Each structure stands twice: as structure tokens, then as C-alpha cells.
Amino acid sequence: MDSNSIVLNVNGIEVIYNHVILVLKGVSLQVPEGGIVALLGGNGAGKTTTLRAISNLLRAERGEVTKGSIELRGERIENLSPAELVQRGVVQVMEGRHCFAHLSIEENLMTGSYTRRDKGEIAANLEKVYTYFPRLKTRRTSQAAYTSGGEQQMCAIGRALMTNPSIVLLDEPSMGLAPQIVDEVFHIVKDLNTKEKVTFLLAEQNTNMALKYADYGYIMESGRIVMDGNAHDLANNSDVKEFYLGVGGEGRKSFRDVKSYKRRKRWLA
Amino acid sequence: MTSRKTGDVILDVKNISLRFGGVKALTDISFNVREHEVRAIIGPNGAGKSSMLNCINGVYVPQEGSITFRGQTFSHMNSRQVAEMGVARTFQNLALFKGMSVIDNLMSGRNLKIKSNILLQALRWGPAEREEIRHREFVEKIIDFLEIQAWRKTPVGQLPYGLQKRVDLGRALAMEPQVLLLDEPMAGMNLEEKQDMSRFILEVNEEFGTTIVLIEHDMGVVMDISDRVVVLDYGKKIGDGAPHEVRDNEDVIRAYLGTAH
Amino acid sequence: MFYRENGQFKTSYQADQQIFPIRQDRIAMLVLLAVLFLLIPAFASDYLFRAILIPLVIMSLAALGVNILVGYCGQISLGSGAFMAVGAYGAYNFFVRVPDMPLIPAVILGGLCAMAFGILFGLPSLRVRGLYLAVATLAAQFFSDWMFLRIKWFTNDSPSGSVSVSHLQVFGFPLDTATARYLFCLALLVVVALLAKNLVRSAIGREWMAIRDMDVAAAVIGIRPMYAKLSAFAVSSFIIGMAGALWAFVHLGAWEPAAFSVEVSFKLLFMVIIGGLGSIMGSFFGAAFIVVLPIVLNQFLPWLFGLFGAQISTAGVSHAELMIFGALIVWFLIVEPHGLAKLWSTAKQKLRIWPFPH
Amino acid sequence: MAFFLETLFGGLMTGMLYALVALGFVLIFKASGVFNFAQGAMVLFAALAMARFAEWIPAWLGFDSKILANLLAFVVAALAMFVVAWLIERLVLRHLVNQEGATLLMATLGIAYFLDGLGQTIFGSNVYSIDIGMPKDPVFLLDTVFDGGVMINKEDLYAAAIAAALVALLTLFFQKTGTGRALRAVADDHQAAQSVGIPLARIWVIVWCVAGVVALVAGMIWGSKLGVQFSLTTVALRALPVVILGGLTSVPGAIIGGLIIGVGEKLSEVYIGPHVGGGIEIWFAYVLALVFLLFRPQGLFGEKIIDRV
Amino acid sequence: QDTQFIPLLSYRTGPYAPNGIPWANGKQDYIKLINERDGGVNGVKLSYEECEFGYATDRGVECYERLKGRPGVAIFDPQSTGVTFALTEKAPVDKIPLITVGYGLSISQDGSAFKWNFPFLGSYWTGADILIQHLGQELGGLDKLKGKKIALVYHDSPFGKEPIPLLQERAKLHGFDLQLLPVTAPGVEQKSTWLQVRQSRPDYVLLWGWGVMNSTALKEAQATGYARDKIYGVWWAGTEPDVRDVGAGAKGYKALALNGYGQDNKVIQEILTHVHGKGQGTGPRDEVGAVIYTRGVIIQMLTVEAIRTAQERFGKGKVMTAEQVRWGLENLNLTDERLRELGFESIIRPLQTTCQDHMGSTWARVHTWDGKQWGGMSDWYQADEEILTRLIKAGSDTYVAEKRLQRRDAADCES
């Protein structure tokens, strides 16, 4: 990766929750300007934790970066507040939606424009979100708590877009979305990326989709990066194929047929 | 679809309509579930799938329609009755008991079966303790089955999402249900984990003959493991049939699948 | 270094389900009990008993009761003072109206009165939740304040409304020394704590916690919210009622309704929050914090100032005491929001992996 | 009839005074989901500051205009409340982001103790008076219609007017500005609010400042009625059913709740009290609030309690 | 052990601090005076320690437990009704006398049942009795009370409820109407109480309040237009903090005066010279001689005189045990002459206690607030023996029966 185009540089960070639970054990990753980087890995690998460390939402979870550094365009950001990061264009879409339950969908979206001052810009952003997610427009007056899971996910993504970000940390955007909308979300990502040069770091379980749209990928296991490479290379790696894409040697396996047989991942050896 | 036999209709949903103020979550939905089958419900976001499950287990009260379970017809049941009749479920937005350990979460699924009264429990004396241990043994089986031994005593709030989903399933299984309602059990999982989950579901279905109603957005999973599929869109039923029939249905493609599949 | 659980394998679920599955914990517990029952009575002064230990033990009992309701079942209650009052006056009425009523049955009957009262004021919990429920319980509090002031029958027609008891005895032994009183309260506390611990790790305890954590899901797995909530109110107010009876009979001897005012309710709630919601142990820590700390500060501060050659007036001490107490509460919460019990278990966790940092 | 009217008016006026204290609770709850146990302590602290500075400032500066003294004292007391708010955010709230309600409640209790101690250390524990020239004597209206007229207390009338104005102002603030929305967002989910760039620190300082000023106004009016001394903190306990009845999150709810509670407790004490020995108003207020809650568990104007799986 | 220890319970913080502070200061200053001027009691220096309890009963009991074991401890003044009730059970066990000047249990005047309680100078029963006598005198005879209406606005606690039996007795006797209006503690909200007063228009209101309740009551009376000069307070409602904040609004309000006050009294002058003059005053100088400050001084004087009396019997110049002090308390005889010597002649009336009578004197006066200060002292009244004795006998009989006590016999009186 070309080092001077790096916007986000995470360097050997260690994260501890609650003073005792060590979760990240020296994670390093780089996100280039205008790139889409995927962060892959199983449950509990530490993807969310990595994103939280970057956006500094960690403190609210009683977590702490104890080693390493995080730089945004050369500036150390470990001590900036999340709000200051949003000012600098870094926004995180949190896993599990976290919509403001008592606010209507539209109010939820409008909270995203808190750091924006220009009325015209806000209106335009709102319009943009509604064109991306027409479903939200029809539900705009409902209280977020009473919308369906997928609608809330859309709302959370839309809310982040309202901040006019330059870097979006997307945590499991496809979770709970219908296939059609999943496609759409990734299209939107691509769209923003090419048209507005928004950089994305996305943690995803849907490896298939993620590698299809990303330029570069990191794979995490139990708090470490175990593999990284171009999206294309990763997609062709045989381990990745078997464990994350479901296409072993003999093509896609049916979910009905995977029985107890399991091959150990090489990097766990 | 090997050794299992699907039996008679065990659950019959008739003309259910559900409204929240102006929002029509469900309009005149009817479908049935046969014993021992895996029945999937699919549909775009906000179609009313979760609401449908909520009607079945008494969380929501539909304005119209009735539900017949094992020959008994109800317009509304309370959750307790539903649970007593052997219907268990998992939740889309995890509804685990966050402050409790994994074991306690699963044990709470067995509460309906516990007979000792409060005094015996306080003394933890003879029969009460034996009963507790009996249930604990059952729960341990589920823990082994779901491969979550290592987290037995962890408070579930601290587990990663995917494991929480497993615990949620475990809690439902602990009820030894005849019908198991699963609301997006595989959301937020990677392929390997989805495979595990599918395996769990199928094994439950095959070994205990549990009837399964499944909401899922991963079409791969739905196509592979379900016997019949209902498709909802904006609260209306737009399709019902075997997976491949549904997949080729024009309406379904337009409303839900999009072109790619 | 020697605090390890590895090497201790459980061969039965029974063994695994013990209250203290780790051997070192069991030994520590036995030592603690020995200290409490044998060592302390041998050495403690009268002041320590009457002013600190007895109130501490009784308040621990009450906090335990409150914790069942608030910590385990998640129903915020500010009516604990009322439950204590009902327990105290209930026991009192049995005590003076039934000839030769011994202490233990009176205390238990007082607990039962509190239980009935608790269930009555627990009814709104079926509909009202959270802070809103706190108001329902405050209604109980103010109602009981009024009731024991106004309805003469409860106070055996004493004109001022204050009542007193004497000639306490347990199984024929008079409870007249501080040591005897302490041991009596402590024994009751140990028994109740054991029963309570059994309850919270049994089916009913799981029902309470399920209701607390996610009531809709609890209903779906067949837990009846009504039964769970009301049983929590019943058990909790029974224990609080007994504590109230002890507070009145054993600690105060003579009391007026103000002894169970709303401040007591608040204090009890604070004990369980600062100690740790949903932890039996936490109730004791919390009680110790709220009961003992102000007294310690009160005596320690003049000494501290004296060290620097400064004089401080009693008013100054008690203002400083308030400020330090407040600051300590905040500080502990920042260190560990889930209370002292959690802090304790984190410490144990660290000890277990010592000398490695994580 | 005249007496009934007097009781009614008395209740309404008392209710407005409760509402003034209730407002402080509502503000902070709305903005952070915290039930601020320190509200009573803040009222006392603010009132003490006002009362004492009104004495000290003229002494320091050597003038004796009462109006000027009160004015300056108000400003200085408000500044003191700003400092308090800022410190609370810095030292307490900032470290408790995303914690549960019970934890935060407890923290405000710590703050309450601290303020009680601090206030008495700085300002003393005696009775002090705030004299802002409120008229103390009653006026009698409609004396042509009723024998003896209908008595109304002017002081209450003024106080009620101030309370109403404050409420109108705050309602506007919440409804019409983006800040209002941000506050509600923060109350719902601290972490998510942070994630979209809402600066918690600033929001909290603002809200605690506003709550501090509300406490000051409440303290000033109650203090002028009762004298400034420790028992002012117990006024918070009287305001509690008001907040709950009106809904923890509703500014206008505080007023309506106040009026209902005020009237309810006065009528009950005057008409039912004598038959049962009197002294019932405080529990009656709570029971009244409870009855309303049974019909609307979130209070009259509170946000609906979300209940969904 | 060479000093006599006097524990001082006090509340300089909390809801009742405005009254608690001068009270505590007076108590301390008198001890200082004795040590400074006389070098102690017959050479036995007095030591003391203050324990702050914020008017909370449980903290008060803690203070008691903490201080009761000190060497040379003489006596306790619980300073609150709640603590008095709690200690009444404990004192006989610990053998420490309780001195409650002007408060506490009315029936504890009966020394044959309450060996350890000393409600000197008056109880709420004597207070209520004197108020009624005063009203009778104002009207020109107790018989004029017939058909009158008197409302009792009282602090809803044992303190406020104590006078009720006596007033009921008197109401029966003279045929006046007694209306009871409880005020929930601490008494910051009294609108409905005073609306009821306005409705029933009683001829007089008796105010049995404490702390903030008093000033609130007077303000509310003003706000509802009830004439302040028809309001009569108990002696705990007749001090400076009760009315200072109301100022002119309370003009004409009257209250019982248990004691004289003001800086002219000799003892106060001596405190000013020997204590404040040497920079050792506990509180501000201008508070010396205030009503409740002086009450503190009286309490301490009674304590000191009890020690002195005990020394007469058990050995001059020795530190007395609490039991011996109790004997002193029971055998006090403060004649006019003695009071003059002590500088108390216009503060209290002569006082003599016996084994049966632990009160010693039931005299009190009524004074008036003129908008700026207390004054306009009436003559002394003495409570009606006949009524009191009857009530006390009945009350203490019940008590003795309930506690299964023996009334003290002549031998015990000698001990």
C-alpha cells in the first residue's frame, strides 16, 4: 500500500476491557484514502473492538487502548472525543443499530446533522438518504423503536451519512437486511466511495459481499490480524474460500450437508 | 429431506390481521405448519415476519383472525399458555437475560418444568436439589450440543454477538419445544457459524422431531434447509410453497430477492 | 498466588453448583464465620457492638431484602422504610398483645405483616415500571409514616405514638448483653442470607432476574410476570420486615415512626446500588459503606486534622464528612459502576491470574 | 363556595411552586436519562449562594441598594451554578458515560452529599433570608359575591407567574432548537449519540447549567417563602409526584402535574383530612400520582415506554 | 482520671441546625466558664466532647454509645425527642442519667418510675397547661374559654403529639373546642393547614412546631390573613431563628418562654467576660444571651449543680460517677438565693427536685415578638398540679405495668 495515501493508520494496538479482559493483542491495519477496506473474522474476533478503538467509543464500554497508536492523516487521535472525530469526518455505524428509540426515524436522521451548520446541506443530505432508502421515507414519522429490524439498520446507516463523513466505519451493515437491501447497501458504499471519495472500513460477516466490494481485506482471529491482502487475492485463498466463502474444493456446499466434519484452520495450529 | 416425515398440520394460522395505529403490519395472513417440518418465512424488511411470530406466541394480539394449535383454536393466548403448549422462540434483537450467566439463561428455559415450591427452593433440600440437578444435566446436554462449554458461567452480556445467538437458541431448546420459532438466527454470522447453526437446527429437527418456523434473510440457508416457504411483503402473503417454487415466483423476485439470485 | 481454581475438578453438578465452588473461597468463608461468631465477640467493645456491629448486621439484612427486589427482580423500591416499619410495628403488636410472646415468632410474624403490605404495594408493579414504580413505593412509605402516627391502635394507644419493648428473650435466654444481641442478629442474618442465596440460584431467582433483564422474553419462555414480581415483593418485604423488627426491638428498644422514615428507604436503596445490584455479598458491602463509613470519617477526620496541628469544629467535621462521603461514592462508581461486589470479584479475577497482568 | 375557591387557588399556586422544582428534574432526566437526586441539594446551594451574596456584596462594595444587591447576588449565584455544572461534568458524568440509570442515580446522590457539605461549609447552616420584595399579605377578590371575599396570596401569584414564564421559555428551547433533539438523543443512548458527533460534554454542561439556573429560581422563590435553610432540600420530595405524574421527560408535564398534585393534595387535606385525623396530603399526592400512572404508566405527557422484542 | 466528662450531643448541620447551633454553643460556653472562672467544680475540671448527629436518631444513638464509656462521664442531654425515646431504654442499663430540659417524655417527671430521666423545668404538658391558663387570663377567667375554639397546629411527631392529652383534658374541663391540625415534618408546606384555619376561624392557634415549621407557619398565617397575635407557640417555637426570617410579619406572635434571656443577666455577662473576652467563645458574640443559647447555658448549669450536689454527699473535689450525678440531679435545690449567686435569678425560677419529682419547677412565662425582637414578658405561671398529677400517674402506671417495673421505694430513693 502506498504509505502517503494512508488516512487511517492503526499501529499495534492492545485493548483491555474492564481492566482485566485483554481483547486486542497488537492489531495493526492501514486504510488508504478513498479505499474500501474489509475487516473479516468470526464472532468475537475483535472487529467491533477495533472499530470502537478508532472512533473512540471504547471508553463508554469501559475499554481502553493500552498500547500502540492510532493516526488519522498523521495526527494521533486516541485522545480525541468521538464528537471531535465526527468533526474530522470519521463516523461509526454501530453494530446492533442503536437507533434512538424515542425519536422518530426522521429525528434520528437529523441527529446525524448535529455537527453540520448549513441548512441547505442538511436538507440535501436528508434527501440523499431518503433516495438511498425509500423505505425510511415512508416510515419517517414512526418512533424508531417500533420499526422493524431492517428499517432500524437503514436508519443507523442513514444517520451516519447525515454527518457528511469522509471515513465511515461500518460495523456489520448487512446484518438483518433483506438480500435486496444488502445489495443496495453495498451499492451505496461503492457509490459514495467512487462519487464522493468516502473511505470505508467495514467489519463484515458476509465475506462474499465484503470481498466483492472491498479493495483490501484483513482477517482477524481472537484479537489478532492473521492474514491480509488484496481483496482479490484473499477471495482466491483456499482457506478463505473454505471457511468464509463456503466454496471448498468441490464448489459451494449445501447447508444441509455440512455435518460434523470440520477442518482446523491452518493459522490456529 | 431424508429420514424425516412431515406429519399433519400442527399450527394453522388463519386470516390474521394486525395493525398498529395506521401501520398495517399484517393483512389477512393464512398459512399452516406441519409437524416435523422446517417452515421458512421470508420477506423484505418490515414485511411483518417478526410480527407474525409475535402473534403466534402471544406477544401481540392480532385484531382479526385465529390460530389453531394442535386442534385448539385461539384468537389470542397469553405467552404463558403458548409456552406451556410447547412453543419456544428466539428473538431477532437478542432478548437474553444479560445479567445472568449462560447456564442460568438456559436453566430459565426449564422453569416451566420445575415443580418444587418456593420454600423447598429456599432450603434447597432433597427433592429440590435433585430436581435442580436433573435440569442442570439436561441443560448441560444442550451446552455440549451447542458447543458453548467454555462460556458456561460467563454473563451473556459479555459474549460476542454470535455466541449470544447460540445461547438464545439454547434457551429455546431448553424448553423442549414441539414448535420452535426462530427469528433470524443467523444474522451477523459468518459462513462457518451459519453452517454450525444450520447443523444445530437440522439436528434438532431430525433428532427430536421439533417443528421449526424460521425467519431468515440468507437465501442460501433458506433454500437449503427449509421444506416450505411463506413469503410476506408489506404485511401481505405473496407466495407459499417449496423453496424452488418460491425462488422462481415473479412477485417474490421483484419484492424480495432482487435480480442477483 | 495461591488463589487458583485449576486443579480443582468438579465431578458432579452438585459440587459445581455449590455457593463457593472454589476451595479457597470456602476456607475463607469458614474463617470469616469463625471470626464473626467467635473472635469478634471475644474482643469487641460494647461501643463496637451497639453502635456499629448490631446496626450493620441488621442493615445488611434489610439491604439483602432490598437487593432481592431491586437487584434481582429489577423493581426499584423506595418503600423499604415502610416495610421495615410494618415489620417493626407488626412484631410490636404481636409482642405486646399476645402474652409471653417470644422474640423469634414475633419477628417472623412482623416479617409476615410486612410481606402482606409489600404484596399490596407491589401490585402496581404489574403495570408501572422503573422510576415510575419508585413513586408507588414512596406512596407506601408516606402512607406508613402517616398510618403509624395517626392510627393509635398500632402503637398500643400510646399518646405520643412512640413505643418501646423490653424483656427480650430467645429460647428462654434473655437478650440483654450487646454480645447476645449481636450474635442473635448475626445468626439470623446468616440463616436468611443462606436461604436467600438458595432462592436466587434456584428457579425462582432465575425468574426474578429474567423479569429484570427482559420481561417480554421472560413471558415468552413461560414466566408469569405477576407471580415473579409479587413473589419478589413478598420475599423481599418479608426479609426487610424482619430487619425492621430487629432494628426496633434489638437496636433501638424504643422508637417512633420517624425511625423508619423515607431517609431509611433511600439509604437502603443506596446500599444495594453501591454494594452491587444482584449480589448477596454486595448487600453487605453496601451496608458497611453506608453505615460505617460516615462514623469512621467522623472520628478519623479530627485525628487527621490534628496531625497537621489544625483544629476543626464538629460542624466542620460533619460538613467535611458529607463532602468526602459524596466524593467517595462518586469515585467508587467511576472505578466500578456495578458496585463494590463487582470490584471485589474483579480483584479476585486479577488475583487468579496473578502475576500476569491479563 | 368561597372557601372551595380559595383551596382551589391555593392548590394551583402551590402546584406551580412544585412545578418549579420539578422542572429541574425533568431537564436533567430529559438530557441524560439521569434521575437527578441532587436537585434538592442544588436548590439549597443556589438559594444559599443567593442569600449570602445578597448580604456580602453590599458589604464588600459598600452600597446599600437592595435591588442592586439582589441583582448582583443573582448573577453571582448563577455563575456559581455554572461552575458547579462544569465541575459535575468534568469530574463525574464524563466518567460514567453509557452506564445504567441506577449507577448515575447513585452518582447524583454523591453529588448531593457533596453539595450539602460544601454549601454549608461556605455559606453556613443558619436560616438566611432572601428578600426580593415579594408581597406577603393576601388580597381579597370578589368580596361583593362572597362574604369575606376570596383570599388570594400575591406572593404565590407572582411565583406562579415566574414559574409559568420559565416553563414557556424552556418548552420553546426544547421544541424549536436542534439542541432539544440532541438532548433527547443523549437520553436514549449515550454511545450512539457520541457516535453521530453529539458532544456529550457540552450538552451536559449546558443542561446542568440550565438546571442550575432553574434551581436558583426555585431556590429564590422558595427561599423567599420559607427562609433559606437546610429543609429546602425536602421540597424536592414534594415535587417528586409532580414529575412522575407529568412524565419524567415533559416540561409542560411538570406544570400540569404540578397543578393536579397541588389541587389534589390541598382539596384532600381540607375535605378528607379532618375525617381521618389529618396530615394526609403528602401520601395523598403520591397515591394520586399512582392512580394516574395506573392508567398511563409513563405519566401524563411522558414519552411512551418502549416495550418491544 | 481527674476530670468530669460531659458529652455534648449536638446538631450543627441538617434541618434543625439553625436552632441547634446556638443551643450547642451555650452548652459549651458554660462549661468553659466554669473551668475558666472557677477552675472546675470544687477543683474538678470539666472536660467535654461534642458529637454531631444532625438530628438523626440513629446517629445520636451512635454518639451516645461512643461517649458513654468515657471516664468520668456524668450525664447525657439527648437534644432531641427521638434520641430521648431511644435512650430512655438504654440509660437504666448503662446507669447514666438523661437530662431533658423542656422536652422529652412528659410522664418521665415521675421519678419513681423513671429513675434516670430528668425533664427539668417543664414538659409539654406543663407548657400546654400554662398556655391555656394564659389564654384564660387574657379573656378574664378560665370560664370564658367556654365555647371558644382553639386549634393546635403541631409537628406530626411524638414531640408535637405530646400536649394533646393535656389539651383534651383542659378542653373537657373548660368546654372549649379543640381542633387538631397535624403538619407533616419538617413542615415546609402548610398551605392546607392554614386554609383550614381560615375556614374554621379558631379564636386561638397553638403552635407546636420545631425548626422551619415555625417560620413557615407564621408566614402562612400572614398569607392567609390569620392574626398573628392570636397565635401562641410552645417554647421551642419562641426563639430567634423561629421568627427572625419572618420579621415584621410575625409581629404580635406570642410564645412560651421557659427561661429568661438577654445579655443583661449576670451569668451571660460573665460568659462574655471570661469566655468570649478571652477569645474562647464557641459562637459569635452577639448570639450570647439569645433565647435558645441561654437554654443551653441553663442545661449546663443544672448539670454542674448536680455534680456539685453529688460532691456534697460523695466527696468534694472528686470525680463523680454517673450514678452519683444522678443522685445529685434528684436532690437539687436551687433556691432564689442560689440562683442569684449563679447569676440566673431572672432566667429561671427556683427549682427543687426529689425522688418523686424529677422536674423541679413547672413555671414558665409568655413573651411576644414585636417584629424585631422578643420581649413583653408576662408574669410567671405555674402548671396546674392537680391536672398534671392525674395524667402523669395514669401514664406512668401504664408504663410501669408494661415494663414490669417496680416503683422505686424509699430505700431506692436514698441510693
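To keep things simple, chains are lettered A, B, C, D and E as they appear, and every chain counts its residues starting from 1.
The definition used in the following text is that a residue touches a chain if its C-beta (ideal position, glycine included) is under 8 Å from a C-beta of that chain, and two chains touch if they have at least 3 such contacts.
The structure displayed is predicted, hence computed values, not measured ones.
Peer 1: Among the chains, which one keeps its Cα centre farthest from the Cα centre of subunit C?
Peer 2: Most remote chain from subunit C, centroid-wise, comes out as A.
Peer 1: Closest chain to the protein CA centroid?
Peer 2: Here the chain at the core of the arrangement is C.
Peer 1: Would you mind pulling out the distance in Å between where the CA atoms of subunit C average out and where those of subunit E do?
Peer 2: Spacing between the chain centres: roughly 37 Å.
Peer 1: How many angstrom lie between the centres of subunit B and subunit E, each centre taken as the mean Cα position?
Peer 2: A distance of 74 Å separates the two centres.
Peer 1: Per the centroid of Cα atoms for each chain, what is the distance between subunit B and subunit D, given in Å?
Peer 2: 49
Peer 1: List, in ascending order, every residue of subunit C touching at least 2 other chains.
Peer 2: 145-146, 149-150, 214, 216-217, 220, 315, 318-319, 322, 337 - these are the residues of subunit C that touch more than one other chain.
Peer 1: Give me the residues of subunit E that touch two or more other chains.
Peer 2: 12-13, 17, 21, 156, 182, 184
Peer 1: Among the residues of subunit B, which are close enough to touch at least two other chains?
Peer 2: Touching at least two other chains: 59, 91-93, 95.
Peer 1: Per the contact definition, I'd like the list of subunit A residues that touch subunit C in the complex.
Peer 2: The contact residues of subunit A facing subunit C are 16, 18-22, 62.
Peer 1: Under the touch definition given earlier, write down the residues of subunit A that touch subunit B in their complex.
Peer 2: Subunit A reaches subunit B through residues 21, 40-44, 95-97, 135, 139, 142, 146-151, 153-154, 172, 175-183, 205-208, 243-246, 252-256, 258-260.
Peer 1: Which residues of subunit C touch subunit E in their complex?
Peer 2: 45-47, 50-52, 55, 96, 145-146, 149-150, 159-162, 164, 166-167, 176, 251-259, 263, 294-295, 298-299, 313-315, 317-319, 322
Peer 1: Taking the touch rule as given, give the residues of subunit B at its contact with subunit C in the complex, in rising order.
Peer 2: By the definition above, subunit B touches subunit C via 57-59, 78-80, 82-84, 88-89, 91, 95-100, 104, 107-112, 114, 116, 118, 121-124, 128-129, 132-133, 136-137, 140, 171-172, 175.
Peer 1: Considering only the defined contacts, which subunit D positions touch subunit C in the complex?
Peer 2: The contact residues of subunit D facing subunit C are 35, 91-92, 95-96, 99-103, 105-107, 109-118, 120-121, 125, 237, 240-241, 244, 248, 276-280, 282-283, 286-287, 289-290, 293-294, 297-299, 305, 307-309.
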